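Each of the next two complexes has chain A plus one other chain: chain B in the first, chain C in the second.
Right after this comes the complex of A and B.
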């Protein structure tokens, strides 16, 4: 456990070294936030039958940009480079399981990335936009205190789902050397089924059901529904239970996979 | 302390066999390797590229699973009991790094102490001692990516020792280092072995490293131990020829011709090297012969360079 905590701290410190990159990412996320909410606004001109209001959809979208770093678009870049170069052999010299080490790293990468970025987007969408008269497409405060607590409770869940999925991609790479294919597929699934592009409540029947089943919704849809009041706080236990099942499945599956791969491991050169 | 018997490990390597087609060939990296090592020994582990040296180290370190054979380190099978095993070993791969690229070296050392569960105050003492001995203080707060190779290598050595392992695997630790760094590194390893009794396996192509540190050499080729013994014994494995190096006071008018019973090995810039077989031509006579044949400023007698003995052994075993 202490070994994993050390791995977490090391990775967190490395990510913190790249604050300028985080600022650039915030800029990009702000632009995408604007594009998405403007598309929503156009839709809602005739949105009489929409399942959620424009204010809710806009808030949901801005939250998506604020917590974008939870998206699973690829492996942890540090681990990707370690596996590619064979340096990952080092990890086997640490007195701890490989999966725990990787999960600790992925969690640090995700949490620090989110931590460096979400504040600026929340300020922009929640304070700046209303102040300049664009409150209708801005971020509204949580509809209730209970909803806000449920949102907060879902954040560690989002981090764990994001972490286990991220290590899952690394597992693919552990087998295939390159993670490019797995990353491309994961990026598409993650963006769509977490509600980043179109809020999940606006999706049509079967797609919405798929999104509500898959683990990706923990990366955005679930916490954002609590914030915007689309889900009542009473829905929290069910949400926690379903995501805990996913975290367990992903974690145990990943750990078993890593263990099974170790006996066939080859590290070439030097 | 280390017992290796009949260890085998094969890799599958793919090879292009035409447009869009590839075939897989099997490379036998270890092919029945056996050797033993006792506590407190320093063994130089040498062999040509691709002989299986790094594979051996990785098996001993618990990273790779061999296909068959026995291997025990300190009573444990490394890959089966990996977590307990790695607490007792330190590893330096000269061509890889275990330091966090973006963090100051000190952070890496402290984090490694945490990873191995070393109590904080103990880790702080060890790091301070290592920093003093390896003279890390001028750059210990600098991010690793900005260190020179020599500085980084010293940090790598410290990183492998934060948890005070009883055994140290050094895989080409002096590769690319300048002379002062090499000497400092050797002196440090020697001290570590003498004062703490640390067992050391040293893999290298630099025979000077081996000669300076190791009392014993294991030479491997094609995945098997071809020679196991001391330095004197290794030299005897060579051609047995010795050589006389002569500094000539003036170049002979007819060019340099070796006296009878001797062979001219090299000549340049007023210096010539002659080889001879001391069992046929005793060294005293050989010296006299050279001194009579040329106007000599200085003479010295040398054994064959270890590099050449090793190259000769590689040739003889066809590796």
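Right after this comes the complex of A and C.
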């Protein structure tokens, strides 16, 4: 456990150094946010009968951009390079469980990435847009204090789901050296089924059911529903239970996979 | 050997090397096809909920969406070399391109034609065809000719965005994430009718990164729609021409970067 904590701290410090990359990402997120909320605004112009209001949909979309770094867009780049270069052999020498070590690093990578990015988007969408008269497509404050607490409670869950999925993608590398194919597909699934492009409550029946079943919803949809009041705080226990099941499944599955692979592992590189 | 024949050889090499891993390639194409198709299903489900988007029917929107996806996928497949400029400059490998008697732009373009992008391309083609088949007034020969022009214009515009990204890499060394806002952002923006955005964003995608001009305007002309209030309709078929000045700006930026470039690695 202490070894994992040290791995977490080391990785967190290395991600913190890439502040320029974070600034660039924030710019991208702002542009995407504007495109997406303007599309929503146009949908709602003719629309009645939508299950959530424009204000809720816009807030949901901005939150998606603010917490974009939770998305599973590929393996932890550090671990990817370690596996490709063969340096991962050094991790094998450490007297710690491999999976725990990697999960700790992935969590640090995710949490610090989110930490560096979310504030700017929240300020832009929540304060700047209303101030310049674009409040109708901006980010509204949480509808209730209870909803906000549920949102906060879901953030560590989001980090854990994101971390276990990220390590899961890295596992593909053990089989194929490159995880590029798996990453591309995971990236698209993750952004679609977490409601990044279209809020999940607006999806049609079968798509919405798939989104509500898959673990990706923990990366955005679930926490954002609590913030925007689409879900009442009383839905928290069920949400936590379903995601805890996913975290357990992903974590145990990943750990078992890593263990089984280690016996027949041929390290690449030199 | 003429530059174009050399380029064709490079492309041939890249394709043959990708075909070495045939099963992985097929899986990637299939995966990409399914995933991009799900994204379109999202658009369709919004239609089920709201009925119309700014007066556009689902068939018209599918026509535009599929068309934009094919153009972006083609440009994305061709632009692999521009995208890899970051690592080329960092490792110093870019210097090797400079000593060869072939334009570095052609060499970059020839590094790889990414076959797995075929997944998105095919998805775009399917959506486009479905939209076409369901149009009340499908395009005639003139419309098809305009579609070809719009395709070339769209691909040229996206390629130019990637070239600007490559040009900026001379200075920043690291690949530039900022440019994703214009490449992927442009793709996202061109998937929907431009008239749905507020003024500033419309102007941006008409004049600065002109994906709106090169794709959206001609598609409106083909569909017989008024593209934007205040824009005369005779301009709409001329939209693809906006790719020309934009490509020149991109080339100018690239040349400037190249002139000032003094190797990055060792």
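As a convention for this text, the second predicted complex is superposed on the first by the 267 of 270 C-alpha atoms of A that agree within 3 Å, B and C clash if a C-alpha of one lies under 4 Å from a C-alpha of the other, contacts with A are read in each partner's own complex, and residues count from 1 in each chain.
Everything below uses one rule, namely that a residue touches a chain if its C-beta (ideal position, glycine included) is under 8 Å from a C-beta of that chain, and two chains touch if they have at least 3 such contacts.
Just so it is clear, the model here is predicted, and its values are computed rather than measured.
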Going by the contact rule set out at the top, does A:238 touch chain B (first), chain C (second), both, or neither?
neither
Of the partners chain B and chain C, which touch A:10 in the superposed model: first, second, both, neither?
first
Determine, under the contact definition given at the top, whether A:131 touches first (chain B), second (chain C), both, or neither.
neither
Looking at A:202, would you say it contacts chain B, chain C, both, or neither? Reply first, second, both or neither.
second
Look at A:189 in the shared chain and tell me whether it touches chain B only, chain C only, both, or neither; answer first, second, both or neither.
second
Should A:249 be classified as contacting the first partner (chain B), the second (chain C), both, or neither?
neither
Which partner does A:21 reach: the first (chain B), the second (chain C), both, or neither?
second
How about chain A: which of its residues touch chain C in the complex?
20-21, 24-25, 27-28, 31-32, 34-36, 38-39, 41-47, 49-50, 176, 180-181, 184-185, 188-189, 192, 197-198, 202-204, 207
Taking the touch rule as given, give the residues of chain B at its contact with chain A in the complex, in rising order.
11-12, 54, 58, 61-65, 79, 82-84, 86-87, 89, 91, 93-98, 100-103, 107-108, 111-112, 114-117, 171-172
Per the contact definition, I'd like the list of chain A residues that touch chain B in the complex.
2-3, 5-7, 9-10, 13-14, 17, 85-87, 89-90, 92-97, 262-270
Would you tell me which residues of chain C are touching chain A in their complex?
24, 27-28, 31-32, 35-36, 38-39, 41-46, 48-54, 116, 174, 176-178, 180-181, 184-185, 188-189, 192, 196-198, 201
